[in-house]
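Chains: A, B, C and D, in written order; residue numbering restarts at 1 for each.
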Amino acid sequence: MESNDYNDPAIMGGCSVPVRVNRKSKPDATIVNVGGIQFGSSEIVIIAGPCAVENHEQLIETARIVKKAGAVILRGGAFKPRSSPYNFQGLGEEGVKMLREAGRETGLPIVTEVMDTRMVKFVAEYADMLQIGSRNMQNYPLLKEVGMLRKPVLLKRGMMATIEEYLLAAEYILNQGNEQVVLCERGIRTFETTTRNTLDLSAVPMLKHLTHLPVIVDPSHGTGHRWMVPPMAKAAVAAGADGLIMEVHYKPEEALCDGYQSLSPDEFTRLMADLKKVGHAVGREIYQHE
Amino acid sequence: MESNDYNDPAIMGGCSVPVRVNRKSKPDATIVNVGGIQFGSSEIVIIAGPCAVENHEQLIETARIVKKAGAVILRGGAFKPRSSPYNFQGLGEEGVKMLREAGRETGLPIVTEVMDTRMVKFVAEYADMLQIGSRNMQNYPLLKEVGMLRKPVLLKRGMMATIEEYLLAAEYILNQGNEQVVLCERGIRTFETTTRNTLDLSAVPMLKHLTHLPVIVDPSHGTGHRWMVPPMAKAAVAAGADGLIMEVHYKPEEALCDGYQSLSPDEFTRLMADLKKVGHAVGREIYQHE
Amino acid sequence: MESNDYNDPAIMGGCSVPVRVNRKSKPDATIVNVGGIQFGSSEIVIIAGPCAVENHEQLIETARIVKKAGAVILRGGAFKPRSSPYNFQGLGEEGVKMLREAGRETGLPIVTEVMDTRMVKFVAEYADMLQIGSRNMQNYPLLKEVGMLRKPVLLKRGMMATIEEYLLAAEYILNQGNEQVVLCERGIRTFETTTRNTLDLSAVPMLKHLTHLPVIVDPSHGTGHRWMVPPMAKAAVAAGADGLIMEVHYKPEEALCDGYQSLSPDEFTRLMADLKKVGHAVGREIYQHE
Amino acid sequence: MESNDYNDPAIMGGCSVPVRVNRKSKPDATIVNVGGIQFGSSEIVIIAGPCAVENHEQLIETARIVKKAGAVILRGGAFKPRSSPYNFQGLGEEGVKMLREAGRETGLPIVTEVMDTRMVKFVAEYADMLQIGSRNMQNYPLLKEVGMLRKPVLLKRGMMATIEEYLLAAEYILNQGNEQVVLCERGIRTFETTTRNTLDLSAVPMLKHLTHLPVIVDPSHGTGHRWMVPPMAKAAVAAGADGLIMEVHYKPEEALCDGYQSLSPDEFTRLMADLKKVGHAVGREIYQHE
């Protein structure tokens, strides 16, 4: 018979869980506070916004729409990790500043990606939460750098990272003294080609079991198809996710980046209503502005 | 911008959908009728039972429990595809007969696996639905053989089959004249080792888009951990699955096969109550005995 | 420090090796004899021929060419496992008979695939060696059936099979009393898309370590590109393979199946000369007709 | 029939090759010069040394051994990307200095990894070649930074990177003006667990076809087992690799890192003799000190 010790590597395919992120060493859920919004409680936190910050109008319009529909944190990329050097690389520092401006105008805390150790200080000055993207999940100097901050970190799972490697990456941050880490399943790489990645929703209950850190899901990158975001977002909530991060664009057909996976305002608004129902069904509420 | 034609291989990672299973050639959902139970309607069908038929008591006790909790079809393996020749290989023909007996006593239609073309006729005589397991998804002589029946087929996705290959396997069956095919996502093989397989729930909306056939999910094999079955079962329903197939054992700790992923009677009963709520949240009912 | 016990699952990623195929239980290499040609000695056996048997001319012309260039066994598919039901499915029994005829005319033993338990007896009557294809590596009734023969079996690795599962599949055959099994690495499925599969040449030294059975390589299916066959065939020999199986067509541009990965007569002849040199470099000879 | 245009994405699984690395835009092989040693000619370059720089004795002893056996470049890690924060992280700047010292004493050019944009200038001052490790293959700020140097770069393939993504990563470097890039296959992540990674030797002919950059192989990380390094090193040369990078330790049983995959001095010496023979068999020489 199976032991009940889910930290036993023999049961868990060899996975051993490092000490600081391990739920055994801290049974209570960690609450991560992002500008007053709490991850890890019974309430589900919705982060939304465009893939990339493009210009003030795009950003502020999208921010207003997602806020009105119920998102409580604004996302937007300023430093964009793009596979090709010839793709739009983001607005950089200017983009970060525009994001803060939009955050202030709408009253939404903001999260944005940082890719370079040299930019950590700058981004930390402007953003409420720093994102470490999938491609940098094992960028250890960067993990150490954000570990020295006292700002929350959104650490996305690498697209080919095992659960063990993912927890070890989080451990790098906690080991520097920063416990404010939110994990995010965003799709792993498999042989399947109809979807951009394979969204591994089983990572949600698995991570919740192994660690005390909050776990959210990114169904936009996880699927790569706008029409798949609603069913997978609902599934993520049903599986026990503490939040969702989704791409929304006020005019998806004009997006400079990832338009095919960005929800339109109407789609996002409808989805928020549906998520409320699924949340109720599993005994949870969607986080709301007071 | 993305085209809305999800049968366009350029959009779908090269996947092209064969003609008979293609939703474009038959926009209405196919209803698969198994002993009066219908897959593919708005109602969600729950199949449950032990991994393997072990003996009369085990089977009939488990059958009564799953029926009482709300399952409408009984599963049980008699011909077991086991990785090792030294593992329990199932009771064979005797097991199939015991399964029918239990089905009759409880009034539940039964589904069981067939692995060998030579056994198709025999199994079809006793079972209400024939299962083609993951390892046989590309066993073309077997697909052709069940395609010549007029009995419903539960075709499980191969653990390393692309969506395209899966649809082509179903096409083999339809091409012989048998349209009564239910698809089943049951986990794919990836690099991750904490779970037995990676349950690819995104396959549910993807398959529902591409084909008119019903799509169900097997969270037991998909995760390999009993405690992960409830969250993933709920997620499957939220993602739009038309049904679930789950392993339940009246005494999981004594199971000859897969005890670590089989639900106990209490766990299954609680899960059924939860599934009802999640079903409602997405506008669906759990199929009930009239 | 690493233990030297490569059967220790702790070292080998959890892999445990079943008893009959295990080199520990039989340190000497098994010699598999196919119509007088021996696999598993210091000599490297070359199998060549068309993907599919198409007609007498194609087959006999190709057979003469590959024999002249140095191949010692003729391959050709009569029962073809094709992903789509609408692709050429092979000539079936007639193809098997044509293959034997070509084998007799040229004096080459023949190997061909069997997919259905019902056809094992027929194929065994005509062929010198029976091939179990990748898709059937875990077709246990088929493995048991060829295990009851006293004819050599070419068991190809499943495209999703771990080394452990592969050895367990071979164990099914040995467990029925048939020790005449040759293993064949033919590419596994990964995320990479430029090649048809990812030819896992590290499986060669790994299998040679763990089992006493001969191990050959199929660089045609493993790569899916004709121009990649020569470098990968040479690499396979350098890695220690006991043989190669390659697709050659007398007119690749007219092939009904897999023409893009079939060598032309000239390419094959040149490759054979190169293989001789690489064989020498690692202390081995290419098997020659006496 | 297959087109001969291997830059045609339709043939190559969707892979498109960016302009600067593309062999079509520069048919002649790029020669990369590392302290007088040339990659990309007909001669095969052997890089060897310890996983990590541990202390002066270990380094200088190992350097002498590998030089004597025929290696022409010395490798050694000072900044070590380790999955766990609790593993030895390398000696850092001190390690880089010790490596240069050992390089000068033995007359061998040195290559070492850089992980942090802030350290690029420092490492470039001391090393003859900068290595970008697998985990940083898509660390775009780092790629841009080494692209601005006029020092050769050893860019290892990410363990999850497609051939297309790998070429795009190299393009980032070339696009900044640095054409001195050597590619290195070092194993990809698959479902297989007996080896540390799956060494994808088919990447060698594929990359040589698509790009003018030199391609080498790392059989130490690619397999994770010392005893597999010799057969896979020979296979890499047979497949057309322009060089090899291997871990050698003067006392593998005492290594602080990766001892189980490091060759002993005797093993390395024997392997060098064998590589010479395989090189000859494919018409190439092993690069030698004049």
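Keep in mind that, in the parts below, contacts are C-beta pairs under 8 Å (C-beta built on N, C-alpha and C of every residue); 3 or more make two chains touch, one makes a residue touch a chain.
All of these numbers come straight from a predicted model, not from anything done at the bench.
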| item | value |
| --- | --- |
| Mutual neighbours - chains that touch subunit A and subunit B alike | C, D |
| Remotest chain, subunit D as reference, centres from CA atoms | B |
| Same or different residue numbers at the subunit A/subunit D copy interface, by half rule | same |
| Centre-to-centre distance between subunit D and subunit A (centres being mean Cα positions), rounded to whole Å | 34 |
| Whole-Å gap between the CA centroids of subunit A and subunit C | 47 |
| Where subunit D touches two or more other chains, by residue | 14, 160, 164, 189-191, 193 |
| Graph class of chain-chain contacts, one of line, ring, star, complete, other | complete |
| Contact footprint of subunit B on subunit A as seen in their complex | 1-2, 6, 12-15, 160, 162-164, 188, 190-195, 198-202, 204-206, 209, 222-223, 225-228, 231-232, 234-240, 252-253, 259-260, 274, 277-278, 280-282 |
| Interfacial residue positions of subunit C with respect to subunit B in the complex | 18, 81-86, 115-118, 135-136, 138-141, 159-160, 164-165, 168, 171-172, 175, 189 |
| Subunit A residues touching subunit C - in the complex, by the definition given at the top | 14, 160, 189-191, 193 |
